[in-house]
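Which chain is which? They are A, B, C and D, in the order written, and residues in each are numbered from 1.
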Amino acid sequence: MSQPDYKNHPTLKQKLYVIVFGTETRTGKIFDIVLLWAIVLSVLSVMLESVNELNVRFGEIFTVLEWSFTVLFSIEYILRILISKKPAKYALSFLGIIDLLALLPTYLTLITTGGSYLIVIRTIRLLRVVRILKLSRYLREASVLGNALKASRHKIFVFIGSVFTLVMIVGTLMYIVESGENTEFTSIPRGIYWAIVTVTTVGYGDISPQTTLGQSLASLLMLMGYAIIAVPTGIVTSEIATAERDKKLSESNDKSCDLCGNQVHDHDAEYCKKCGNQI
Amino acid sequence: MSQPDYKNHPTLKQKLYVIVFGTETRTGKIFDIVLLWAIVLSVLSVMLESVNELNVRFGEIFTVLEWSFTVLFSIEYILRILISKKPAKYALSFLGIIDLLALLPTYLTLITTGGSYLIVIRTIRLLRVVRILKLSRYLREASVLGNALKASRHKIFVFIGSVFTLVMIVGTLMYIVESGENTEFTSIPRGIYWAIVTVTTVGYGDISPQTTLGQSLASLLMLMGYAIIAVPTGIVTSEIATAERDKKLSESNDKSCDLCGNQVHDHDAEYCKKCGNQI
Amino acid sequence: MSQPDYKNHPTLKQKLYVIVFGTETRTGKIFDIVLLWAIVLSVLSVMLESVNELNVRFGEIFTVLEWSFTVLFSIEYILRILISKKPAKYALSFLGIIDLLALLPTYLTLITTGGSYLIVIRTIRLLRVVRILKLSRYLREASVLGNALKASRHKIFVFIGSVFTLVMIVGTLMYIVESGENTEFTSIPRGIYWAIVTVTTVGYGDISPQTTLGQSLASLLMLMGYAIIAVPTGIVTSEIATAERDKKLSESNDKSCDLCGNQVHDHDAEYCKKCGNQI
Amino acid sequence: MSQPDYKNHPTLKQKLYVIVFGTETRTGKIFDIVLLWAIVLSVLSVMLESVNELNVRFGEIFTVLEWSFTVLFSIEYILRILISKKPAKYALSFLGIIDLLALLPTYLTLITTGGSYLIVIRTIRLLRVVRILKLSRYLREASVLGNALKASRHKIFVFIGSVFTLVMIVGTLMYIVESGENTEFTSIPRGIYWAIVTVTTVGYGDISPQTTLGQSLASLLMLMGYAIIAVPTGIVTSEIATAERDKKLSESNDKSCDLCGNQVHDHDAEYCKKCGNQI
């Protein structure tokens, strides 16, 4: 009896909860969209502040903007804590911790300098956009990608390990070969840095071999990098293909079992693989 | 009765329509091929005009060429409007808009300067080559590629979104780490530009980390870029493989068995593989 | 009767034919291996000759070597013409033309200068190694790769066409955007060259955008290059996978038809798809 | 009778064997972990020693560390020889040779200079980590990768051969084209080095074409590199996909049906999909 009555006359806390945490009502949506724009603008403001010419001309505006956004987000954070049914759970959730971390840098500038750029952590708050736009389709695709990467994590681990060993050995060899005539290979860590830059085909060119032996070794590393770059691609492609096939199978399979309801059957199955019932 | 009579004595408008829009008759083909060469030459002329040495020596020739082609294309455009059965439909079609946009830059040079290079838009007119050469086979392949990209657009969107977040965070971190000792990381947007150059393995080297911490962070980003570049490849490969399989299935599917109704046959099958009935 | 007799007492021409063209006999093998080493050494000699320090010190040796090898190869070429059963057929075959082209550059140096480096054409003669080592397994693998590339030539053509259009438009845009403040984008062709260097992720860094707008455009092009590089990989992977599957099917299929001998059947086939015979 | 007694009162040699070679007992594990850290620290020490600033400040510490680790590893090596059941087999095994090679560089510094950096060979000793952590799952994944690479070795050989021929021809052509106006293409080997740097999309930019013809040739090489880089990826992806499928098949193959003999079942199948019999 009190349930419908309760719904018609919600308390202020309940009203605010629907606006701040909810995404169904009109006011809830407006709140989320305003919040998103505030996040985008605050991140943009921090980035532009770092450009010297803009900082000289609009420095004070940036400071005002930064503090305005921070105060706004602080109020929002306190509000979320206050109206949340389980404050501790929110505060310790992934989004809750990000919400807090996104506030701290500005306050830190009162004590020390240089930390203000950490505000870039606010970009992670943009993840809320997923909830608002109800991009469930994107979430599903993201989960396909995520599962593919997760399923191949052992292979990727082995691969990164092999690459790292290769890079350490080649980097050291290059240091031994080049250090005499080339002023760019000043230490082994620098040689390893060069080897990573080369094997990943980034190739800045800030460090490059000068001796004939060094260039031969580098050519070898590049041709190996050719074969090497094929490996993670092969791993991920294979996993995505499997994930896709599984998704399609589970989606399109008309052959669900009447008895036990098991959905995933091969297209040539005549009996349910779970309960043995004829399909 | 009037229909064959009408065909034997077409009006001038009808004759021109067959030449300008048609591709079947000999005159229609000649018109299209002349048009294509005019497009190629006009684009080439604009490109070469931008080379300083050539502009100094042949500047007037380029101006004459540009205006000749523009007048020619203007006449062609007006002709298409006049003889088209539905002028408005042509004018608003994709090719119609491109035809118009390809004319404007030259006329714009009468009012303002610098816009003449937009003539490069004429390259898009080369798409007409597809119609002329009846490259239906290429079109089918293009549609396979297009479908594969379209089918994976959600995954690619998720992927680009993730890369962009990564790049913003790493770019900011590098600015914080490097800005003290390195004069190249002058702002966060520049840091982000560097991160994009690095993670896509382009690696110009115009901006590169100098500090040990920066180089370590860069190495990490490159190794991540390794795994990351595998993702779009995996997505597209998986989709192309699916599209290919579907194409083959639908080709062979024309051969269904009348007797047992088995659908999946190879395209070179002459007898049903399930019941032996001749297809 | 005369056949074995003929074999026991072959003419000089027949003896030479077995040595020069054959690969079965011991002398034939020795001839081929000596030839291969001569090719390798002559190519190596031309390459090292181009290194200035070596040319200054060993210049005369290189000239002597080059002429020795050329005379040797000339004798070999004339011999092949003389002893070949169908001289015209050999002279016009792929290997025959390469054999001739590999001789000409040295003789050209008598008339003109600078052409001697074309001797690098001799590297193509190394293809003979395949015949000698009987690398039939490698040839089969090469044909799998070749077929995969051939099967996907239409898609690759469409792809290269799209990339070229993209590169022409972006190159021109960059020229318009950068030419004011950047002395590196001196013409549209140079802009196109930059766009190719960027989209293929080579990224020399000899030309790189300086303005903010240019760097944004470049970032966009790089991220597009990410998706673009996935396309040829997807095409080729898909074709190789298909080729592999077909090869395995045709190799391992125990289900050959007794009636018509057709080998390629699906693993679930119960009747031959060519003649309808029960397997 | 003596067997259990023997186990309860093992000799010192037997005790040490369990500690040094074994990984099951607590002391064996501790020994291995201490050894691993010693390897990591000794490699790190050699790397940091090569950084000039650190060497100036902490040079003596590095020397002490290096000799301490070397003496430690020497004792360990002699111990392994002494307590091993088959000393010769250990000494000639892969790990045994690496263990010896990792000791020599330091002793070499007594006779000659410059060889100390070869200590980086110790990184290979980190392979022992696999045994300790019992990363059998990683080993299995590594074997999938290894098999995939091994199965495609013929194709990769053909591919590397083709790339090498391409690179030699293009490198020579570029030398002919550029050597006049560009001081960077000083010899054919340098041209080949540039071609490798370009075709692998590394693109240092230390050597880059300056003439229009050279840049056109380079653009062509880059676009070919596009198609070329797709080939190893396609090969490896195809092999990994096959290896994965085989692994799954052999996993599920344990579940063959007793009644109808159908072999191919999913790994989660409980009933035969062909006859409904419980597996």
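Some observations on this one:
One rule holds in what follows: a contact is a pair of C-beta atoms (placed from the backbone, for glycine too) under 8 Å apart; a residue touches a chain by one contact, two chains touch by 3 or more.
Note that the structure is predicted; figures quoted are calculated from it, not measured.
Interface note: chain C and chain D, two copies of one sequence, contact each other through mostly non-matching residue numbers (shared numbers fall below half of all numbers used). Centroid analysis (C-alpha atoms only) places D farthest from chain B.
Between the interfaces B-D and B-C, more contacting C-beta pairs are found at B-C.
Separation between the centroids of chain A and chain C, computed from CA atoms only, is 43 Å. Averaging Cα coordinates per chain places chain B and chain D 42 Å apart. Centre-to-centre separation of chain C and chain D, using mean CA positions: 30 Å.
Measuring from the averaged C-alpha position of chain B to that of chain C gives a distance of 29 Å.
For chain B, the set of residues that touch two or more other chains comprises 189, 192, 201-205, 229, 233, 235, 237-238, 241. Across the complex, chain C is touched by residues 201-205, 233, 237, 268 of chain A.
Interface residues of chain A, counted against chain D in their complex, comprise 154-155, 157-159, 165, 168-169, 172-173, 175-176, 186-189, 192, 198, 201-205, 208, 212, 215-216, 218-219, 222-223, 225-227, 229-231, 233-235, 237-238, 241-242, 264-266, 268-278. Chain B contributes residues 43, 46-48, 50-52, 114, 117-118, 120-121, 123-124, 126, 137-138, 141-142, 144-145, 148-149, 156, 160, 163, 189-190, 192-193, 196-197, 200-206, 229, 232-233, 235-241, 244, 265-266, 268-278 to its touches with chain C in the complex.
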